[in-house]
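Since the structure comes first, as C-alpha cells, the remarks are kept for the end.
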C-alpha cells in the first residue's frame, strides 16, 4: 500500500517552491481599523491546483481547507477528527463504514452537499487516467484496482501508438454506494481503524457538479462549501483574495471579512513585508528570527509550536559497512545536536530523542534514549567495538540540496567528524535524482530522511518508514517481529490498545536503530498587532507562515 | 635567401610605449596603493599559511557565530563563521579559489579572444564571417544567463577540497562568455594595423601570414587588450560572487569570496554584520584596486590621452 | 559702413573713440600654468592695426602668434592660460577690462577669426547653414528661415557654387578650399571690423591658397576691414600684407611696412628668414638655414632670446635685453645693432 | 541605407538561428546529463511509476532515443520544436502545465519596466557625472567622480539591493506611510518587495539600483567624449562666434558625445539583463531574468529556449537600433 508523506515540512522537492507569499489587492492600513474591511493578508507559495484531489501540496491545501468543508476537521488541540459536514461516521468491523451527512448543507452556487458530491469527487481522484497526485489515497477502498490497471509490459512502450495502459471503462469505485441522498457506505479491502482520521484530508473533500463540468474555471474560481468564497479569479503568479460567504451554514464560520493571499516565489521571504505591515503572519529566516527576538514588542506576538515533522539520518542497512548496530549508535551519539542547532538557528528545531514526536498521538516515548545524547567518548568506544573506521575512507553523507539542507548536514557532518576524528564528505544531489537513488538503495553512506504526518497516529511514523517492504522504507530494514507487532496493532479493537501495541513496536525499532532521529521541527510565526485569536494547527500549516483563518479576528 | 627580417620599428616603438606607460603609472599615487592591495591579495592566495595557521575545515558547531572580544587578536582573530570554523581562516583560504578562478578565466578568454580576433581581422572573408557570427551569438546571450545554462549541467557536483574541481565549472562558464570583449578589441586593432605600411612591407618581403600576425600585428593588438584586462578581472570576481549567491558557482563547503558573501548576506540581517562586512570589504578593495589599476593602464596606453 | 560701425560700437563699447587706431595691442603678456610652473608664451607683444590695412604677424611655430590672436579674441581657457599684462585697445577701449558679456558681443560682431584646418574647426554633426545661421540667431535674434537666407547670401559672397542647395550639406562634404570659404563666410557673417586669419591657407595646396588670399583681399577692400594675417609663409605675406610684425620667442622683434621690412630688415632674425627663402636665381647654391631650434619657452636664453642663433650676435646680446630701437619712424626692431642691420652693414 | 538594414536583419536571423540551436542543444545535454525532467510533472515528491512517466515524456517530446546518448544534438526534436514555435504554440511548462506564451505576457512587462528606469538612471547619472568630471578635468572633482563610479561598479549589484532591502527599505516605508499613508505613492515606492498591484511604483527603486550597473564604463565613455569635444577646434570656433557657454555645451559638446552614450547603452544592455536576474531574485519581481533562472534549474526546456530567444531578439534589436542611431547622429557615417 503506497503512502505519501504530506509535504508539510521543508523536505519539499526543488520543483515545489515552498515559498511564502504576501497579500494581493489593497492592503488595509497598518493601523487596521475594524468594521467593513477586516481583511487578513497572508503569504502563499506555488499553488498547483484548487480542486480537491489535484493539489496534494501544503500551499494548495491551505486555501482548499478554508474554501471547502470536509467530512471531519482535526481539532486544533487534540488532533482528533470532529464531525464537520458529517453527521456521524460508524463501522462495526473497521472494514465497512457508514457516513451520514448533515442536513441542508449547500455549495456556494446553491448545489446541495450530498452523498453524490463526495462520491463524484472520490471517483474523480481514484480514476487513473486523470493522473491526480492524491489518487492512491483511495487504494484502501474496494474497486480501486479496477480503476487503476497495471501498466502493459515494458517493451510495448517503445512504439508510440500503443498506449501504456488499457483503456479504463469503470469510472466508479465499486466499494462506494450512496445508501440514500445523505448517507455513503464505504467497503474497504482490509480492516483499517484509522479510516475516519483520513477523511479530514483534501482527497476526501466534496466537489460541485458545476465544478466538474468546467474544471478550468473551477481551478481559477473554486465553488466550495466552506466559510470563504472566491469572488474574483485566483492568479497563480500573484495571488488572490476571498470574502466571507454570508449564508454558510456549517459549524465553523469565519470571523473576518476576507483574506488576501500574495504569492512569494522561490527563495523570497515575507519578513520584509511583515515588518511594513503588508503581511499579517510570517515566519522569519534564521537571521531575521534572532533580530526579531531582541524586539520585546514582537516577541509578545510570537507563536512557537512543535511541528510534527521530523528529520533523521538514516543508514543504508543494505551496505555491508553499516550492518553493525554499534557503528550506527556511535554515529548518532557523535552528533552534537545543540551545537548543530547553534549553527542552523536554535529556534527552528528541537533535538529529537524518539522515533515518533510528542505532538503525535502515542508519540514522545524517548525511545532513542542515551544513543541520541552527545557523548564523544561513548561514541568513540562504540566505534571501537564496531571495529573502528577504515583508514583513509571518508564518511559520505547524501543529502538533497533543497532549501538549506546542505548547511544542516554540513554542520552534522562537522560534528561527527570532530567527535569521531574521521573525515566526511557531503554528496548534494538534486531531488529528482536523490529520490530514485535512495529508493533503489544506491547510496553508500548515511542519508537525509524526513517525515511529516498524514494523520494523527503514531502508526504513521512506524509502518510506512520501517514496515517490511513498505514503499518508503529506504533503509531496507527487515524485522519480522516488528512487522508482526504492527499487524497486531492494526487489528486491535480500540484505539488505545492499538496505540500501546505500536509503542511496543517502536521499542523494537529503537533497539535496531535503522536511522538516528536528529531533530523535530519547530515553527515560529509572528503576527501583526491588529490580529487576535491567532492559532496554528499543529498538523496542517504552511511552512512560510499560516494560521486558522476561521478563528482569527481583526481588532 | 631567407626572407629579410623586415625592419621592425614596432619593436622599439613598442618598448617606448610600455616603458612610457610604466613610468606614467609609477608616478600616480592611486596606482601605487592599488598595486599594494593587489600584491597583498595575491600573497594571501598563494601562501595562506602566512596569514593564518588555523585549518578552515575544523568547525565546532557549539561556538558558531562568536564575535571576538578583541579584534585581530586572540584565538579567533576575526571570530567564528556560521558553522563555527575560524572566520579568518575561511576568509584567507577563500582567496585562493577566487583569484585562481579569476586568473584562469582571464588568461583563457584573453588567449581565445586574441587568436580569434587576429584571425578574423587578418583573413577577413568567410573566416571573419564565422567568427563574427560566433561573437554575436555569445554577446546576444547575457553572461550570467549563459553561465547559468552551462553550470546547470554540472549540478549535483560533489564538493571536494581539490582546487581544480571546485573552480573548473564556474571557470569554464565564465570563459565561454568572457572572451568576446577581447576578440572584438583585437579584431578592431588587427583591422587597423593590417594595412599599416610596415605590415605591408613585411608581406612584400615574403613574411608568412603566421609571422606577420604574431610578430607584427600581435604587439598592436595586445595594447587595447591589456588595457581592459584589470577591469575585466574585477568584473569576473563580482560575477563569481553573483553565481555563488545564486547557488550555482563554487559549491560549499568549499569556500570562495562569493560563498562567504552569500552566507554573509543570510546572517547580515540578524545582527552578524561582520560575517558580511569582511568578505565584502575584501572584495570591494580588490575590485576597486583592479579597476583603478585598469583605468590608469588604459590612460597610460591610450596615445590620445597621454 | 561708418554709421553702422558707430551705432554698433556705441551700444557695445561705451566710450569708443573713432579717431583712436582700430586695434592697438600694447605689451600683451600671456603665461601658461603647467604642472605648477608658469611658462611665458607671449612676453610683451605690441602692434597696431588700422582700418582697411593688412598686418601680417610672422614667426616660427611656438613664437606665440596664435596665443596672441586668441588673447585678443578672449577665447583662451583660464586655467591654464593667464593674461598677466598689457592692453588690447579696440577704438581706444581696453578689451581686457571688459566683462565677459561685452567681450562675447565683441566676438563675432567686431572681431572674427578664421582657423587653419576648417575640417576640425567646423562641427561635423551640424550642417554648414546651421553653423553660419547660428550667429544670426544668437546675435541678431533672427528666425531660423531668415538666418538660413542670410547664410546662403554669405556662401554666395565667398564664392561657393549652388549655395542654395549646399547650405544643408555637412562640412565633410566640402573640399579643403570650399571649407575654408565656409569658415570665412562664418567669420564675416556679422560684418566684423577686424578679421584675424590664423594660418588660413597652410592646410591648402598652392593654387587654392592663392584663391583664398585673393578672396580675403577682395572682401577686405569692399568692407574696409582690418585684417591680421598670421602665417609662417613669407611668400604669402609679400603680396598681401601692408605691414608686418615678426614675432620670436613670444615677443615682437620687428615691425615695419612690408617693402621696408623685405628690402632693409632691421633685425638679424628677419634677415635670416628672408635669406632662407629659396629663389629661382639661386639654383644650385647651398640653401641658407638658421642654425639651432626655436627656444623652449620654459627656459629662454638670457638677454636677447635670438642671440644663440644670431649671426650678428655680440657678447652684450647674451647679457643685456635689447631696447626697442627705431631706425625710421615706421620701422622698429628689438636689437642692439638695429641701425647696422638696417643699413645692411651686418 | 535600406540594403544595410536588410543585411543586418539577415545577419540577426542567422545569429538567432544559431542561438536557438545552441539553447536546444544545451537543454538536450541537460536532459542527457541530469536525467529526465518528466518527474517534475508529478510535483517530484515521489517517483511516478514508469508507465505514467513514459506517457508524460511523449507529451513533451522527451521520448526520443537521442536523449539517452550524451552529446547527441537531437536534431529531430529540434525541428519539431521549431515547427511548434513557428505555429505560435510556444509549448507548456512541465511544472503546472502552464502556457509559456501566457507566462511571457506576465514576465516581459515587469522586466521592461525595470529596464526603463535602469536606462534612464544610467544615462542621466552618467551624463551629469561625465560632463561634470570633464569640465573639471584633473581636479579633485574629476578624481572623486572617477573613484565613486569605480566603487559603484566594484560593489556587486545584489549586495546594494540586499542592503537596501534589509537595512533601508523597511524603516523608510514605515516612515513614509506614517506621513503619506499606505496607499499613497510614497507609501509604496520604498517597499522592500515588488507588489503586483503597484507594478510601476514598486519597481522604481530596483530600476535605479540596476541602473548603477556599468556606471563607471558609461561615465568614462562620456567623460572621454566630452574631453575630446571640449578641447576640439569647433568648440573654439563656437567660442569665437561669441556663443554663451550653455549653448556651446548643449548644441556642440553634448550633441557630439551622444555617440558614446549610444555605444554605452548598446554595450551595457546585455550586461543589465544579467543584473536583472539578481535584482528580480532579491526584490521578488516576477521578471524574465528570474523566470529563466528558475527554468534552467527545473530543466523547463520550452521556458528557457523561448525566454532566452526573446532576450536574444531584444539584444539584437537594440544593436541594430544602435547602428541606425549612429547614422542618424553622425552624417559622416553612411551605410550602403
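Details
Each chain gets a letter, A, B, C and D, in the order it is written, and its residues are counted from 1.
Keep this in mind: contacts are C-beta pairs under 8 Å (C-beta built on N, C-alpha and C of every residue); 3 or more make two chains touch, one makes a residue touch a chain.
Worth saying up front: this structure is predicted, and the values here are computed from it rather than measured.
Number of steps on the shortest path from chain B to chain C, with steps defined by chain touch: 2. The chains that touch both chain C and chain D are none; no such chain exists. Judged by contacting C-beta pairs, the busier of the interfaces A-B and A-D is A-D.
Per-chain Cα centroids separate chain A from chain B by 48 Å. Taking the mean of the C-alpha atoms as each chain's centre, chain A and chain D sit 40 Å apart.
Inter-chain centre distance (chain A to chain C, centres taken as mean C-alpha positions): 93 Å.
With each centre defined as the average position of its C-alpha atoms, the distance from chain B to chain D rounds to 23 Å. Along chain B, residues 155-156, 268-269 each make contact with two or more other chains. Not a single residue position of chain C touches two or more of the other chains.
Each of the following residues of chain A touches two or more other chains: 430, 433.
By the document's touch criterion, interfaces exist between A-B, A-D, B-D, C-D. Residue ranges on chain B touching chain D, taken from their complex, read 30, 133, 136-137, 139-145, 148-150, 152-153, 155-156, 234, 238-239, 241-242, 245-246, 261, 265, 268-269, 280, 283-284, 287-288, 291-292, 295, 304-305. Here chain B touches chain A in the complex through residues 58-65, 82-84, 155-160, 251-253, 266-272, going by the rule given at the top. Taken together, the chain D residues at the contact with chain A in this complex read 34-37, 39-40, 42-47, 49-52, 54-55, 58, 63, 95-96, 98, 103, 106, 165-166, 169-170, 173-174, 177, 181-183, 191-193, 195-197, 281, 284, 286, 290, 294, 297-298.
Taken in their complex, chain D has these residues touching chain C: 232-234, 236-244, 247, 251-252, 255-256, 329-332.
Interface residues of chain A, counted against chain B in their complex, comprise 285-291, 294, 336, 338-343, 401, 406-407, 410-411, 414-415, 418, 425-430, 433.
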